[in-house]
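Below: one structure in structure tokens.
For clarity, chains are labelled A, B, C, D and E in written order, and residue numbers in each chain start from 1.
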Amino acid sequence: MVEELLYSEAGLLNFGIFFLLATVLLLVVLGFVTYAILAERKIMGFMQLRHGPNQVGGRWGLLQTVADVLKLLLKEDTIPKLADRPLFILAPVIAFAPAFMVLATIPFTDKLQFADIGVGLLYYIAISGLTTVGIVTGSWASNNKYALLGGMRAAAQMISYEIPLVMSVLGIVLLTGSLNLNEIVEAQKNGWFIIWQPIAFIIFLIASTAELNRVPFDLPEAESELVAGFHVEYSGFRWAFFMLAEYVYFFAMASLTTVLFLGGWLPLPFLDFIPGAVWFALKFTAVIFVLVWFRVTFPRIRADQLMEFGWKVLLPIALANIFLTALLKEWLSIF
Amino acid sequence: MDLETLLSYEWGIMAPEFIILGVATALTLMDLFMPKTQSRKILGWVGFAGILAALVSLLGLIGHGPESILLDTFRLDSFAKAFKLLLLIGSALVLLIAISYEPNEGLEEFRGEFFYLFLAALLGAMIMSSSGDLITLFVGLELLSISSYILAGMRKRNQLSNESAMKYVINGSIATAITLFGMSYVYGLTGTTNLKEMAGFLTSVYNEQHIYLLGLAFFMIVVGLSFKLAAAPFHMWAPDVYQGAPTPVTAFLSVVSKTAGFIIIIRILFSIFANAPSGDVQGLPMILALQDYIAFLAGATMIIGNVIALRQRNIKRLFAYSSIAQAGYLLVVIASMSLFMFDTLWFYLGAYLFMNLGAFAIIQHVTHKSGSEDISQFAGLYRRAPFLAIAMAVFLLSLAGIPGTAGFIGKLNIFMGALVPSEGHYVLVSIMIATTVISYFYYFGVMVQMFFRPAADTGKVKIPVALTAVIGISIAATILFGVAPNIAFDFLQGNFNQFTDFFQ
Amino acid sequence: MSAVPVQAYLALALILFCIGLYGALTKRNTVMVLISIELMLNAVNINLVAFSKYGIMPSITGQIFALFTITVAAAEAAVGLAILIALYRNKKSVNIDEMDAMKH
Amino acid sequence: MELWNLYQNNYLIVFVFLCLGVLLPVVALFLGKLLRPYKPYDSKYTTYESGIEPFHDSRVQFNVRYYIFALMFVIFDVETVFLYPWAVAYEKLGIFALIEMLIFVFMLVIGLVYAWKKKVLKWI
Amino acid sequence: MNLAYFLSILVFSPLLGILVLSFLPKTQESLIKTVGFLATIPALVLSLIAYFQYRAGASLDQLNEKVSWIQFGDSSQLGNLFSIDYELGLDGFSLIMIVLTAVLSTLAAIASIHIKKEWKGYFMLFLLLEVGMLGVFAAENLILFFIFFEITLIPTFFLIGKWGYFEKENAAYSFLIYNGLGSAVLLIVIMVLFARTGTANIDALMAAMNSDNPQLVAPISENMKMGLLIALLIAFGVKLPIFPLHSWMVRVHVQAPPSIVMLHAGVLLKIGAFGLIRFGMGIFPEQFQSLAVWLAVLGVVNLLYGAFLAFVQTDFKMVLAYSSISHMGIVLIGLGALNEAGIQGAIFQVVSHGLIAALLFFLVGVFYERVQTSNIQNLGGLAKGMPITAGFLLAGAMASLGLPGMSGFVSEFMAFLGLFKEMPILAAVGTIGIIMTAVYLLRAVLGITYGKAHRDFAGITDLKKFEYVPVLVLVGLIVLIGVYPSVLSEPLTSTLETIMLGIGG
């Protein structure tokens, strides 16, 4: 049915159907975010030998995040007098919309995918870059020194790590010869790219953590230095959208990691009776877990170390990786 | 493209470019890894040696037949060879000037960059001269432009330098955008960026609308490129930039950059528009139909340059307007489109190279000590440094076109070219001659300062070796080509085969 | 099948170009001028890409040309901004009409 | 024709996601407006500055390094403009393009080394 | 007289002096002056040799030199077209002019003793000027002619601007601009001819322009020919100078150092006349004929205007300057007559005025050097202090106003003779000018020599020994031409024949 839909003429009807489907995905993502936050807190709790949330919604604290969201919804919304009102209101939207947009191209299984566009990877990278604009807008509009400082730092960090991130996936593009995410997954039939591109994987993982502003790269929000960074003036649901954007990215980035390096929905050998969706979910969860694990384990690194690490270590290695891959491909013709 | 095709290319014809690229890269690295305290002059000499090496390799290629590689994006025809020769000689002299450039402030830690940016700009110009494709032409142009922007602002802590660089960037970028817009139309009408294919395709365009679009493209390209020439209508940047930029950069802009501008204008106009129909009843090709427009630009440029130069007190501004005027003279060559066009352009640009660079070498030396660039700095130069004064006089006379100097032969050549076509360009020639006479005023004004006025400071002047070399070479060439121009003409005739391969 | 005729692209590009040109020639703030110039260059890109798809002789070259234009525009903007910063440090102003240290 | 439809539909989806991405905050904030209290007083609307009265304009001049990083980003981001098409078409282009790209990247690496040596990459 | 490169050596011999001078230290005043003077001698000797050989019947053709010089365009396709050769040659007229130049240069070098500063630079420029002047007359090629013409410009600019009197820079500038414009117009004419015919050789041009079926690169219409001639007239009119274009010349004559004025009035002005006769008449004979009337009218205007203004001047230099304008009118009158007598008169006038003006300006220099003024009032009674100078001054004036037995008479007589034949009324008007010449010259000279003395001239030395040389030589020549005109007329015969052939007279 979906096939037919895709091949039928694009019109208002299609728009409506897609809209509904996308809303479903949105709800799923929101559900994910709700429980990802809970899971994160729980895992952290366990790792730190604590219980984590355990009051709201039973022993597991299942409704903790829901309650948090409701609280945020009911909070009074203040916009500082000195703020640039239109920009202040616009900023969370700019930050959130790209986060959701990138999900459009990610193939969850060979069937379950929304837009199968030829330049999926490029699309992801291009759109995700827009969030920085939202962050800088928010920090500028707040007209607050902490916010501005945080925003600038966030921008600097995000653009600095965008480069190695983009470069690291080039190895994969080289090997598959395509920017289409489906084809990238298909190309991993002979082995996941984590095996063929280990260096790229490490770079990607580090850079994506930094892009997500997660520990150990959470300087933009460093509570102890900048109070809360770029969203210090935001409260209530406006603030929630910054957080939401962050977690949707979390979701998207984990999906992308799965797709690019862990073979997407592809099963492990001899285990292909398990459906692709499950495989995807498993790998995805593993990535999420690792990222949460990072958060618990690593201390935040210093600002200067952060930037220098990105430019002086990650970028050269990523560049070297590209040519290593190209040479390997040329001489070994592994693919 | 596989390895075999790749190896079948004759890469040797790119040797000069490779040498410049290699030296520029090497200089960058040397500069970065050299201890801070060490003098950067050595880099200048290495760069100079690199240019000489490129020159030698270019001379080795002179007997080489026309050849094009990389899908005709790189072309080695006689046009390319002849004009690359000018570019290389000009840059070599500029580099020598730059080596002896020691401003009071503002260049300390950037000395190294100074040299390799010159090389990068030169590389851009060279690529332009042997490019057969719109894209490479454009990239070459921008390599030249962007390097020049930085060079103009090289004295980071000097406000004039900053300002001149800013103005240069803004004007340059606008000009680039206009040129590009014109280019995009030409591309749209032909679907290719290869100059030859474009020309071939355009001969068959007869759609009225397309011809109109092509005319618009022509107009925009000419307007945009007039920036590089510092010709009307894009000349207004020149005085400020020339004044604010470090003197070697000014010299570079006025000579090498201008030469490159003429190179690209010829490459584009005469490749693309030479055979395009203009849509008028006589079936003239577009370039002839729009000849008057170029002639108008030439006239306006000459008048503006020469008349406004009369009011200048700052020597570099004066030379800016002088160089605008010279661009006007050169545009006359293009506007007249005679069979001597290439020869004339080449000879005049060569003559201009020596006379202007020689003059700038002296200007740099005279102005940098006092820091002032007022014309009165030249007062009494004859007493303080007779050699400098006489050399300057020779250069000025050559710029003014007085016999005995290369400038005169060049002008003679221009006049001849303009008058040979059966409807001679009498008006243009008259304007050119009249403005030349006007130019006597300001050129001789400098001489009056040097010879008639008493010196404020009577101390003797010591000239650095590199500058002496530049002045010596320039003066020798200016007089040699003025007295025995056939050395140059024979060389041109003997080696470049009348530039017939330009259109093939 | 193309719903949008090539003329529309060309008109858009031309309008964008003119806006850019106007801005570049009239704005006082240098940053605005640089942005206007970017606008002009992007108009060129629209032209090139439109021609590469809907031109008389469609070919991929136009897109390649556009890539080069983008690159060069970026380099130009980078240099322009760098110079602007240097200028701002010395002058504490980014206004075009305050750049008048040089007069005849 | 069919492919054209597929192509259009795929981008239609992208557009749908954009709409949703914008709609969600708008709707949610609108809903919030209905639910949340509104009890304004002056000090609520002051700019936060660790509890003291805010002074000076907060749009202070930033360290120039931020701009330089922005410029670096522009340069390297543009590099990817060339790297991506190259990578995609690598199989067809082969060794020639590899060498070309090596030269290109080598130049950019020199740029990086340059920035490194000029201490541009040092943060504060 | 079969020496190869004889003419080149003649023309460029002063360069040797420049070379020697450049190695001399600046402070050696007398040595520099001696070298400067000696450097003019070779040209003088060689030109006299040429003159006497010619008088002895040798052909001037064997002096012709031709070396290929510049080739524009591809010689394999264009052949000899668009090539400019280095070609020198002489005919009777130019030979006379060269002798005149060489003589006056040597005398001016003697007169340069009065120069007060920077002798080295002065003499170098002086000698360069001489090269230019000699070259102008020897050039067989329009472009070469132009080059030498311009070469005279630059040294003159500096010589006036640096060594002149109070308003020297203004004078130098107006000299430069007027002459620059003049030469610019000349250049247009030359280039049009060159571009259209592909040659710049004067003989070839004459042939090409006057043949019925010319071999041209591009056509030249009759209108264009007329335009070119008028342009030529303007170009040389500036130099000559013709009435509305004269103001620069007065300034130069007043402000320049006397030795330079000698050359300027004696030779440089004559280039205009030389050019008109050689190129105007030679290349465009038909057009010249139709302009002849106007030329004669201009000549009369020049004559009267110059004479009138000379009459009202109080400064002797100004008197002489306007007298030069007036006398150049006679040249024009001669040319306008368009017959043999008239043209011969014009040429005679060229030479004769060269000598007379040189003499008078030399004398002005002499007494100006001693009394620091050239105002007629202030000079009154000079004869008491400097009787010999005053005597020669009177002789000069007599020559100038056309006293029979002196060169002025011959030339004026012939010029008017020519004009009376063609346009009697105009000639009659013109004779008023002759009378006025006598009036203003006598007024001025008598005012100086025997006028009321305003100051005491005691203690002023009269002519020194070396100052006799120029005076005597010049007076001698003036008288020689006056009593034995065939020193000039004989060498001119062949030139005149050619010209007359061209204009169909």
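Convention: a contact is a pair of C-beta atoms (placed from the backbone, for glycine too) under 8 Å apart; a residue touches a chain by one contact, two chains touch by 3 or more.
Listed by chain with UniProt protein names: A = NADH-quinone oxidoreductase subunit H; B = NADH-quinone oxidoreductase subunit N; C = NADH-quinone oxidoreductase subunit K; D = NADH-quinone oxidoreductase subunit A; E = NADH:ubiquinone oxidoreductase subunit M.
All values derive from a computational prediction rather than experimental measurement.
Participant: Counting one step for each move to a touching chain, how far apart are subunit B and subunit E?
Facilitator: 1
Participant: Quick one: which chains contact subunit C and subunit D both?
Facilitator: Common contact partners of subunit C and subunit D, which must touch each of the two, are B.
Participant: With contacts defined as at the top, give the pair, A-D or B-C, that has more of them.
Facilitator: Most contacts of the two pairs: A-D.
Participant: State which chain is most central when centres are taken as means of Cα atoms.
Facilitator: Chain nearest the centroid of all protein C-alpha atoms: B.
Participant: Using C-alpha centroids, which chain lies at the maximum separation from subunit A?
Facilitator: E
Participant: How big is the gap, in whole Å, between where the Cα atoms of subunit A centre and where those of subunit B centre?
Facilitator: That pair's centroid distance is 52 Å.
Participant: Once you find the CA centre of subunit A and the CA centre of subunit D, what distance in Å lies between them?
Facilitator: Going by mean C-alpha positions, subunit A sits 14 Å from subunit D.
Participant: So the centre of each chain is just the mean of its C-alpha atoms; given that, what is the distance between subunit B and subunit C in Å?
Facilitator: Measuring from centre to centre gives 25 Å for this pair.
Participant: I'd like the Å distance between the centres of subunit A and subunit E, where a centre is the mean of that chain's Cα atoms.
Facilitator: 94
Participant: For subunit A, write out the residues touching at least two other chains, lowest number first.
Facilitator: Within subunit A, no residue touches at least two other chains.
Participant: Could you say which residues in subunit D touch two or more other chains, in rising order?
Facilitator: 70, 77, 94-95
Participant: Where in subunit E do residues touch two or more of the other chains?
Facilitator: none
Participant: Every touching chain pair, please?
Facilitator: Contacting pairs: A-D, B-C, B-D, B-E, C-D.
Participant: Residue numbers of subunit C touching subunit D in their complex, please.
Facilitator: 1, 67, 70-71, 74-75, 77-78, 81-82, 85, 89
Participant: What residues of subunit B sit close enough to touch subunit E in their complex?
Facilitator: 339-340, 343, 382, 397, 402-404, 408-409, 412-413, 415-416, 418-422, 424, 426, 429-430, 433-434, 436-437, 440-441, 444, 447-448, 451-452, 484-486, 489-490, 493, 498
Participant: Write out the stretch or stretches of subunit E touching subunit B in their complex.
Facilitator: Checking each residue of subunit E against subunit B gives 68-77, 82, 121, 143, 146-148, 150-151, 153-154, 157-158, 161-162, 169, 173, 176-177, 180-181, 184-185, 187-188, 191-192, 194-196, 217-219.
Participant: Show which residues of subunit D lie in contact with subunit A when the two form their complex.
Facilitator: Within the complex, subunit D touches subunit A at residues 2, 5-6, 8-22, 24-26, 28-29, 31-33, 35-40, 44-50, 54, 58-60, 62, 65-66, 69-70, 72-73, 76-77, 80, 83-84, 87-91, 94-95, 98, 101-102, 105, 109, 112, 115-116, 121-124.
Participant: Please output the residues of subunit B touching subunit C within their complex, sorted ascending.
Facilitator: By the definition above, subunit B touches subunit C via 134-135, 138-139, 142, 145-146, 149-150, 153, 156-160, 162-167, 169-170, 172-174, 176-178, 180-181, 183-185, 187-193, 201, 210, 239-240, 243-244, 308, 311-314, 317.
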